[in-house]
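Structure below; questions to follow.
All chains are identified by letter, namely A, B, C, D and E, in their written order; residue positions are counted from 1 within each chain.
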């Protein structure tokens, strides 16, 4: 019952927000925040509860059911938390823009749809919420107009391809097993032939691959992340893309069942192994493409793809450790990327919408909170110790090395290098270096932006130092999939070959850090100099004319750029052009000459004669 | 049998005109021919050799030898339909000429693709 | 029914000549002839009601309408001749 | 090219038609429905012209549809040719006195003939449609022979509508009296009398007027000069 | 006492005859007639669901007279027609306000009557007659205000030529059937055809399909559709897309299923043809710049899906096809009406003296702010057509895919191909939605304030959403309708004697 009310609140809240906006914009904003916070609290209260197959609706004689268990709770909590934070962030960010009623309604609607997805216990509700999410996302991506419109189309077309594949798969399952309820399908599918299983897995793989931007299917993501309003970019990267991961988990481990997932042998190699390699590719290439980007959001977007690879890698690998790593990385990465998008948003908000990394810089003194957020965020992305991703990446590396897949491990490692390079560029070009003159009198980010940034920053540290908090939930998830339980405690995780204990690391780093700090204090070797003296080799350069954040990594660019084309994007572009040409040709059928039309009729009749006189069915 | 052949000849000629001719009025004539052909076909179906018209002008006429009245009723309807369609078609043609200044269907193709 | 054969051949000839007449008025007259012969054929097929209708509607009124239409547009199929 | 293609396609069509027609023998009694009408027609409807009884009684609904089609055609033609302007009163060249006198002389005769045809629809060949068409051709004669004359659009429209209304109302009365739409609720009378066959002559007269006025309207619209 | 279903045809016909006499009040007649029909058909539904009603006309036993066969299928279509007709005529009250107004309303009512007659009649020639009423009014309405409407005239001429060829084919086929079996009553014919083992029966069937196919707009007989639907005034485009072509599909299905017992070879042809229609329609729509032409091509696509569903020839397939008919009718009508209102507003602002019925997609840019309700209606309709939940299009797509998969094998593969069309449809419709909401355009001074136009939007949108969430309300009547189509023996058995 609570679930039903929860979803009703989520959807109803969205629409009420819209109508409140017609009354007063203040009221609408507060109400939106209120709704999203309520949802978060409500979801949080569901912790530890589990209810299977709670029926809530009839659709064509099929009972639609909801359920809550550790998996869905985990994702629901993340969804509602990020949702609430981005709504709060929007308060100032979106101020003064057009169509705000619509914006808030769609934010809440996306949120609600995602909650629906994670709580759905039958495939039709899953699909319905999935589609609601798709179209509301589409509307939000296109919200800013201009460049956002092609991005939106790209998104929705790929998303539709995915949904149609899923639609087909769902109904195929329904027709074969006569049920839509996930737990019943899981029971029924055991007896299916392995060819059918592969068919289903490929269909769903395409869907979730598109949503979580696995490498050849990622092309919608960079544009969509870049062009949507920043708070929504945060949601998009933080949770919406991760619905693909949820889908993978659901279908590979719950619907198909873990044992089955690893048993299917396609003759050449195992399905999950292919997926692992896709994950690895997804880690490496986009991370390096990210380095080339000069648009802050685009850079982050490419990271979004790359980090998704880690999750797929971890999940597809399918050992307790790997799975835990993958799931944990989903959460950790989401925290980081949402944080980073919010810092970008803060900068963008204050700098009048500028995101070009070449023209920014030196904002550290002007916007300390945003800087702190960005710093922690990139540390998290890289996986420095004491940040949350350290734990999850450690788990993934450990899995790969333990299971002796050196190439995959190497790929993951390369990915991390690329990450370091590119996110440093991000941090540097935004916050370090010379402050351009025109940004001299920028103010701090507004409170409504600082709050989410601070919350998320502390979450990074909290989960970095106490990884046991999420791991405990994740442990219940993987045991529910039928894997061995991990030996988890608040500080870390123990495995056959070693134990991760963050508190030790924490202490060590704390001590080392304070020693270094002390040294610096004592030594006091550094002193500030003016730019003219050292930077321009003595020649006078007017301040602000020359900003050394421009063309960061230019030499590296020259080396790698030719190799880092987005081949998938090129391919899809080519496909589009071919299709356009084809349709241009097809519509010539309607030539406008009525004589032809009469001929068509005669032709059709003659053809029918031909076919019928051959057919002996009479 | 010759009636069938005649009626089909009309139908096919009409269809040929509609498909191959350029002039709109010619095309409408073709359609009119098709109508006539179909009507002839229907009536020939109802014919009975040596039959009389289905009218009891005096009660002594034996009903057995009367031709089938149903196709005749159908054809009456069809003729009137044909008139209505032809009239409407020609009025449209007149309007098309008013707008396009031509009756050539190869030239009246602003709506295409 | 020898007369039927003759009439039908005549009718087909008229119908085919509709295809070939370049002057639309000629074609209309040919069409009227087709209708008229058809009406006779209807009569031969023991359908006096239909024959009447065909004669009045097909042969007379339709022809009139066609002629009006030709008069209001172009007389020749090849529009360069005026 | 196009001619060749159309001839080929028509050949295929002709093949099909011939195939079908082989199974329909010419000139043989083959219909039970038609036979029933011929045998029971007089008894059921009281009309000695079986075609009329089929048209107006057994298949009266078709005829209602047919009337509606003509009505729709007339309205449609009016709508297509509608220009929203008053018709131009062009200077007409009067026809030669011989022609116009002959037309005026023939006009009532043809009209009378038409009326005869539709009034006797249930007795002799012909009926509302034929009679109406003949009456309309009388009007056509006037249009051609006496330029400048025209029908009163409002009156023809009134006649059309009234005809249709009476037809439907007759049907509804049948529904009310006999429980069937278009039920022949009037007494059948004696066969081969003018006043026989129940509603058939009534309907045919109505149809006659309606068809005549509709065709007259169509002709009027077509002949009308509009720039 | 049970009302006679013949009133469903007689009363609108009577009103249509009265309409020309009413002068300016003529515009109130179509809504009145459609409302009457709607109420009557809803009243009749429970009775009909219990057992189909055979209504003899003229008081003779069928097959010797024309009879109406008022089964679930017929009454379902009658209700759909009158619902659509009612909403569109309310819209037209203030939309059609210039020039040949009275004639428009008369023809519109005749079109509705013709459609109702086609779905209710139980006699093949009578079906043809009503079909002709429908066609003639369609031709004329396409060319509404022909004197000011160049493209309308062209489209109507082309439509008429193709339609006439189709009608001639139908009449030929009827003649052949009469020649074979000597009867016109459909139940009687079906009885004879079921007994016959003739090798030439496929010829009339071919002519029927080719003839009705013109109105049903199956590929390649649909060349008239994009022209006619795009240039006619918006309410007419709506009734064409929502009702007229569905009537064509009904006629084909009635002939194929009831008369000929759905032979496998024909069904496979229909399946392929449906698929082709779907793909060609969507592919052509993809490259359109004219919004109404785009929607017209989209109608072709949807019809293809309907024919595809019927082509499966299973109960679930037919139910799905009927559901898709409902969903397409509601959504497409809403789509065309909203587009119409947008065009109307733009025209009233920019060139009030010209008669404009079509417009480029780009001209709609930015209307979302000025005409929020209309744009919302457009978005709902587009989303429903694409098949997004929770709109009705989703339910129908679900049923169709399910039906195809239930049949399995090659049908599932074809269904997979058909789903590609959805992606294309999504691409072009959503581009328009984006344009309306998120692009900037010159929309100063445009506003929406006409209640008569907005009320149908509201009702249609409510129906689309409501039936999307509770599709169960339709399943009962649709199930028995599909049962009626498949149960040929039952149809024949209703024939007394």
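Brief remarks follow.
One rule holds for everything that comes next: a contact is a pair of C-beta atoms (placed from the backbone, for glycine too) under 8 Å apart; a residue touches a chain by one contact, two chains touch by 3 or more.
All values reported here derive from a predicted model rather than from experimental measurement.
Graph distance from chain B to chain E, where chains that touch are one step apart, equals 1. Under the contact definition, chain D and chain E share the contacting chains A, B. Legend note: the chain whose CA centroid lies nearest the centroid of all displayed protein CA atoms is E. Chain pair with the larger contact count among B-C and C-D is B-C, by C-beta pairs in contact. A separation of 67 Å divides the Cα centre of chain A from that of chain B. Note: centroid distance chain A to chain D, computed from Cα atoms, is 73 Å. Annotation: 43 Å between the Cα-based centres of chain A and chain E.
With each centre defined as the average position of its C-alpha atoms, the distance from chain C to chain E rounds to 37 Å.
Residue positions of chain B with contacts to 2 or more other chains are 3, 11, 14-16, 18-22, 27-28, 44-48, 53-55, 66, 68, 70-72, 74, 76-77, 79-81, 83-85, 87-88, 90-95, 108-111, 113. Those residues of chain D in touch with two or more other chains are numbered 2, 6, 9-10, 13, 16-17, 19, 21, 24, 31, 33-34, 37, 49, 51, 59, 62, 65-66, 69, 72-73, 76-77, 80-81, 125, 127, 129, 215, 218, 222.
The residues of chain A that reach two or more other chains are 587, 590, 594-595, 598-599, 602-603, 605, 609, 613, listed in rising order.
Shown are all chain pairs that touch, namely A-B, A-D, A-E, B-C, B-D, B-E, C-D, D-E. Partner chain C is touched in their complex by these residues of chain B: 2-3, 5-6, 9-10, 13-14, 16-17, 21-23, 25-26, 28-30, 32-33, 36, 39-40, 43-44, 46-48, 51-55, 66-67, 71-72, 75-76, 79-80, 82-83, 86-87, 90-91, 93-94, 97, 102-104.
Chain E makes touch with chain A in their complex at residues 157-158, 161-162, 165-166, 169, 197-199, 201-203, 205-207, 209-210, 213-214, 220-221, 223-224, 226, 263-266, 269, 280, 283-284, 286-287, 369, 383, 386, 388-390, 394-395, 397-399, 401-402, 405-406, 408, 412, 415-416, 419-420, 422-423, 426-427, 430-431, 433-435, 437-440, 471-472, 475. Those residues of chain A whose C-beta lies close enough to touch chain B in the complex are 587-588, 590-595, 598-599, 602. Looking at the complex, you find that chain D touches chain E at residues 16-17, 19-24, 30-34, 36-37, 44, 57-62, 64-66, 68-69, 71-73, 75-84, 157-158, 160-161, 163-165, 168-169, 171-172, 174-175, 178-184.
Residues 2-3, 6-7, 9-10, 13-14, 17-18, 21, 24, 26-29, 31, 33-35, 37-39, 41-42, 48-51, 53-55, 59, 62-63, 65-66, 69-70, 72-74, 76-77, 80-81, 123-125, 127, 129, 191-192, 211, 215, 218, 221-222 of chain D are the ones touching chain B in the complex.
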